[in-house]
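Naming follows writing order (A, B and C), and every chain is counted from residue 1.
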Amino acid sequence: MKERRLAELLKTYKPGHALPRQFYRDEELYEVEIDQIWRHGWLFAGFTSQIPKPGDYFVYDVDTDSIIIVRREDGSLAALHNVCRHRGSLVAIDPIGHAQRFICPYHQWTYDLSGKLATSRGMPADLDRAELCLKPVQLREMAGLIYISLAAEPIGFEAANACMAPLARPQGFDRARVAHLVDYEVHANWKIVWENNRECYHCDVNHPQYVKANFDRYDAGQVNAQIAQQIEAATERSRLRWEAQGLMVTHREVGLAIFPDADRNIWYSAHRTALVDGYVTESIDGWQVAPLMGDYNDPDVGTLRLRTLPNFWNHSSCDHAVATRLTPAGPRLTKIRVMWLVHQDAVEGQDYHLSELLSFWQLTAEQDWVICERVQRGVDSRAYIAGPLSTTKEYNVDHFIRWYLRQLSEVPSSFTQASDSWATADTHLIVL
Amino acid sequence: MKERRLAELLKTYKPGHALPRQFYRDEELYEVEIDQIWRHGWLFAGFTSQIPKPGDYFVYDVDTDSIIIVRREDGSLAALHNVCRHRGSLVAIDPIGHAQRFICPYHQWTYDLSGKLATSRGMPADLDRAELCLKPVQLREMAGLIYISLAAEPIGFEAANACMAPLARPQGFDRARVAHLVDYEVHANWKIVWENNRECYHCDVNHPQYVKANFDRYDAGQVNAQIAQQIEAATERSRLRWEAQGLMVTHREVGLAIFPDADRNIWYSAHRTALVDGYVTESIDGWQVAPLMGDYNDPDVGTLRLRTLPNFWNHSSCDHAVATRLTPAGPRLTKIRVMWLVHQDAVEGQDYHLSELLSFWQLTAEQDWVICERVQRGVDSRAYIAGPLSTTKEYNVDHFIRWYLRQLSEVPSSFTQASDSWATADTHLIVL
Amino acid sequence: MKERRLAELLKTYKPGHALPRQFYRDEELYEVEIDQIWRHGWLFAGFTSQIPKPGDYFVYDVDTDSIIIVRREDGSLAALHNVCRHRGSLVAIDPIGHAQRFICPYHQWTYDLSGKLATSRGMPADLDRAELCLKPVQLREMAGLIYISLAAEPIGFEAANACMAPLARPQGFDRARVAHLVDYEVHANWKIVWENNRECYHCDVNHPQYVKANFDRYDAGQVNAQIAQQIEAATERSRLRWEAQGLMVTHREVGLAIFPDADRNIWYSAHRTALVDGYVTESIDGWQVAPLMGDYNDPDVGTLRLRTLPNFWNHSSCDHAVATRLTPAGPRLTKIRVMWLVHQDAVEGQDYHLSELLSFWQLTAEQDWVICERVQRGVDSRAYIAGPLSTTKEYNVDHFIRWYLRQLSEVPSSFTQASDSWATADTHLIVL
């Protein structure tokens, strides 16, 4: 995309409003987003508990790339480009598997679990094997969550880790098991999916089951003293018990916590907050649907929310966690994986039933996908005009939009080539 | 599309011949057509009888846009862009429905049936609601037919109305019922579909059922005196009875009536003409297949043909009407809806049977779609050379092509921006 | 494609390596390939035995074009563009059929089997019919194989004929019958399909059934004297009997015969070579699966390999032949037809069983298509780096790549317009 065209497009944005039409449709802008956001930041890939033993791996496909995430012999994790250094075949074919070495199915070049080329039969003895490893991908582990970055020198991860790990750790993601996952193809731009996630203005009518369990439905600055009192009561009731478990209450205000923070350029967040009285978990009736997870010894732990841009959010209760991973597949298509986690020892049909475990979030997610596809269909229209955002209900949509525009403006377009400029780029990006 | 490229393309056309290859394939030209023809002229949307009661609506999707056509409390009709002024969601989800108000399913902004924003809960009290109505679309009603225009200041409709309404009125489209409709996706450029419609040169072999009922198969200027005599006899036989019913005979010549009229830039036509002896309707055996429609009190009314460019034709007999609506969906795809109308009180299975009602035109339509897809496949070839048109059998194809080229040449490319220039454009376009 | 862009792309190639990423993905480069390779050279279309009687025809679709290959009254063959000279409809609708004349289904313009316009009812008597023939396509017949070229003045065919015909003739392709064919859509660039075909480095693991029958698995220059000895023994054992049958042994070295020959710009090859002891044909168990074909009177005839770029290879044994025809359908899609031929008098279920006839090559082909799709998926990745080729196992991949690059570089981009420059272009292209 010519810089001039991007600059003109950015000028069409009107503060306090939704994004103009082309932001949800333009092919060239989509490529800019891939470069400056999706190949620049940190992407949630999956959970360490999905690959517990050395040699366990799974594959995550992002844009044109395919990435292997594998546990090595020493127990550490690595991310490797799933592309043979000979003629380019995929090396790992199964989406999840186990390997002692990665053997390319084409000509059997063999790589160890760190990607080092071990054997290449038929090639000259003096082949420079050290040069021909599976290309590495940056990886970070955070309390059982695996992040990768396709950037050569990615932005800093430390602040995200410091913010999220203490809250995430008690949930025991690293000692969990994926009980179920569903892959969706949602015909909507990835930003529409996020904008929908960043407000609960739509919840009352669209998510009747959700609003019974959560306080999100209420505005920030809600002038109803009764609501504020209910939240305060629910929080205070649990505070001492939570503290006894070493759990922090981090959000006790009416309205959604600020995320992302466009002003401070913050792309991660973690919050523990109270559920509505009568709900110990996000299930249809509020009752526990699986054994307690992680460090919890009391079902009253409220709900834990973790989020990282551009592709992850998570709602966790005492007994299960639900993770959502977004992957764009064009300006009008987003692939979405929703994963349900339970305690690693929980046995299906005995300790939990999928029907009870899934229904709350499967319903909520699918309600959202329908909404997002209607929005895409509407913003496709030449008649679409970006409307005003509610300052009390959609302040996080506004933050998301401004965070997004900041990524487009501040990251040098040349970052993929000029790795020298990266350090500088980072100081612009992360203001903590 | 650069003007220079368009100009070069236009130069490849050879008078008296079919259009050159790129006219049926070029993506950029297609966008010019969308702008200068489809978003400029009047599009048939549907029938007033589809939405008899206040609050009844249906949706018509054209290019990227979605349009609601609704009957208001006062009985008048309105067309509205189906895009919420807040974050752009589709407002009406069902393709046909009933609403007292349009409530956006996303955040429940509520619009009255004229598109005025009535409520927007959660937004500040000082929100300028007057500014935030569903954007209006131009609409005209003509003897039960509904036309819309996506242009801000569309071309004149009056002459079309004056020409068509008197002939259309007795058919009683406004007191009819859609007995059946079929939606097709035809893999052919919309102009191929029209060119096929504009000649009966292909009828003998491709439409054996059609040529039994109609005189269309014969050339203009047919030198066979017997044919002319048959038509004259059929017309004269009915003329007095038709006149007694207030029906005009408007076409009694051999050959198809001129349409469109490229020289006079006329995009509409209406004709009543005789059927072959033994046929009182366009059914397989010529026998009546449903109760008389509209004002008719005698089955002998011949056949009524209504046509408007770029997207509508209709064949009506004493007992039923068949409407065809085209909507382009890319240079090589046309969505086509065929609708069968009967008297509003006719009861299926009692007054008519779908098998008898549909077969004549379902057969004819589907024979045409097969033809059109073969033509697209052939003009796709680099070996295709636009051939000569028959002056006695394909003069309307020639008129269509010249009408089409005139729209590309005469309409200022800038009309969507510069509404001031519209009046001028109109005087160019409509020469009556 | 701008010449400058092509030149830059060509510069990214590193001798001795696979092709860089954009060669397998770029839309504009694909169009250049269509022009400079696919519309320039000779394409295998099918077999003369598919159309034994005058009026028999089949259709081959290449890029946007559709070509009829027909046997004329005098027994000779013709290739004609399947596009009516009137309004461009396809003339022959069935993929294979019989016609006394080609009658366009649209308006019944009628062409004789040489493409001459015979009748065009409804057109003026003075229509210049001589000008309106179905456009001819260049055709060559070679020992029962039919080649076409979409070029106005194609490259020379004589050298190919001289090389291939003597070896092909005894197989009796002209007296054969297509017992079965399968059409595949393989999601891989056509060059990936060829590169895979041009080495047997991948055979051991991927084609266990194939390597039992063939010596291809061994390297050129294999330092194992035992292998060379086995091939020599197998060849010598048969040599005298083959010579008695008039069959030439043309490849008795270890490793694949050189093809294509990039240095000499040779796009065709024919070889007869020995099969492994115990195999008289390429069947799962090596036993004969159909009656002897062509001139053969002894099952011991080894295996005959015919290949022509850009779209054909063939493996023939004593009792059946298997032909593979490639047709590109975009940078990431190749349509592939595999055809099994047997003696014309062989009766299915009696003389041969499809299960026995097909399994060897259906298995081999489908194993290859899976490989090719994995390679496409891998080279799609931005992480793909073209790796080094084995000089002993992949020398033919290297020849193919260099042959391919030579076609891009040497053919003048302007050849479709400037037919004058063709003779010159030919002298560049064919250095025999």
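Operating definition for what follows: a residue touches a chain if its C-beta (ideal position, glycine included) is under 8 Å from a C-beta of that chain, and two chains touch if they have at least 3 such contacts.
Bear in mind that the values here come from a model prediction, so they are computed numbers and not experimental data.
*Asks:* So subunit B and subunit C are the same sequence; what rotation in degrees superposes their CA atoms, nearest 5?
*Replies:* Rotation angle between the two copies comes out at 120 degrees.
*Asks:* Same or different, please, for the subunit A to subunit B contact, judged on whether over half of the interface numbers appear on both copies.
*Replies:* different
*Asks:* Mind checking the centre-to-centre distance between subunit A and subunit B? Centres are C-alpha means, answer in whole Å.
*Replies:* Centre-to-centre distance between subunit A and subunit B: 49 Å.
*Asks:* For subunit A, which residues are shared contacts with two or more other chains?
*Replies:* Correct list: empty.
*Asks:* Using the touch definition up top, name the residues of subunit C that touch subunit B in the complex.
*Replies:* 63-66, 81-91, 93, 105-108, 122-124, 127, 132, 135
*Asks:* Write out the stretch or stretches of subunit B touching subunit C in their complex.
*Replies:* 18, 195, 201-202, 205-206, 219, 371, 374-375, 377-388, 390-393
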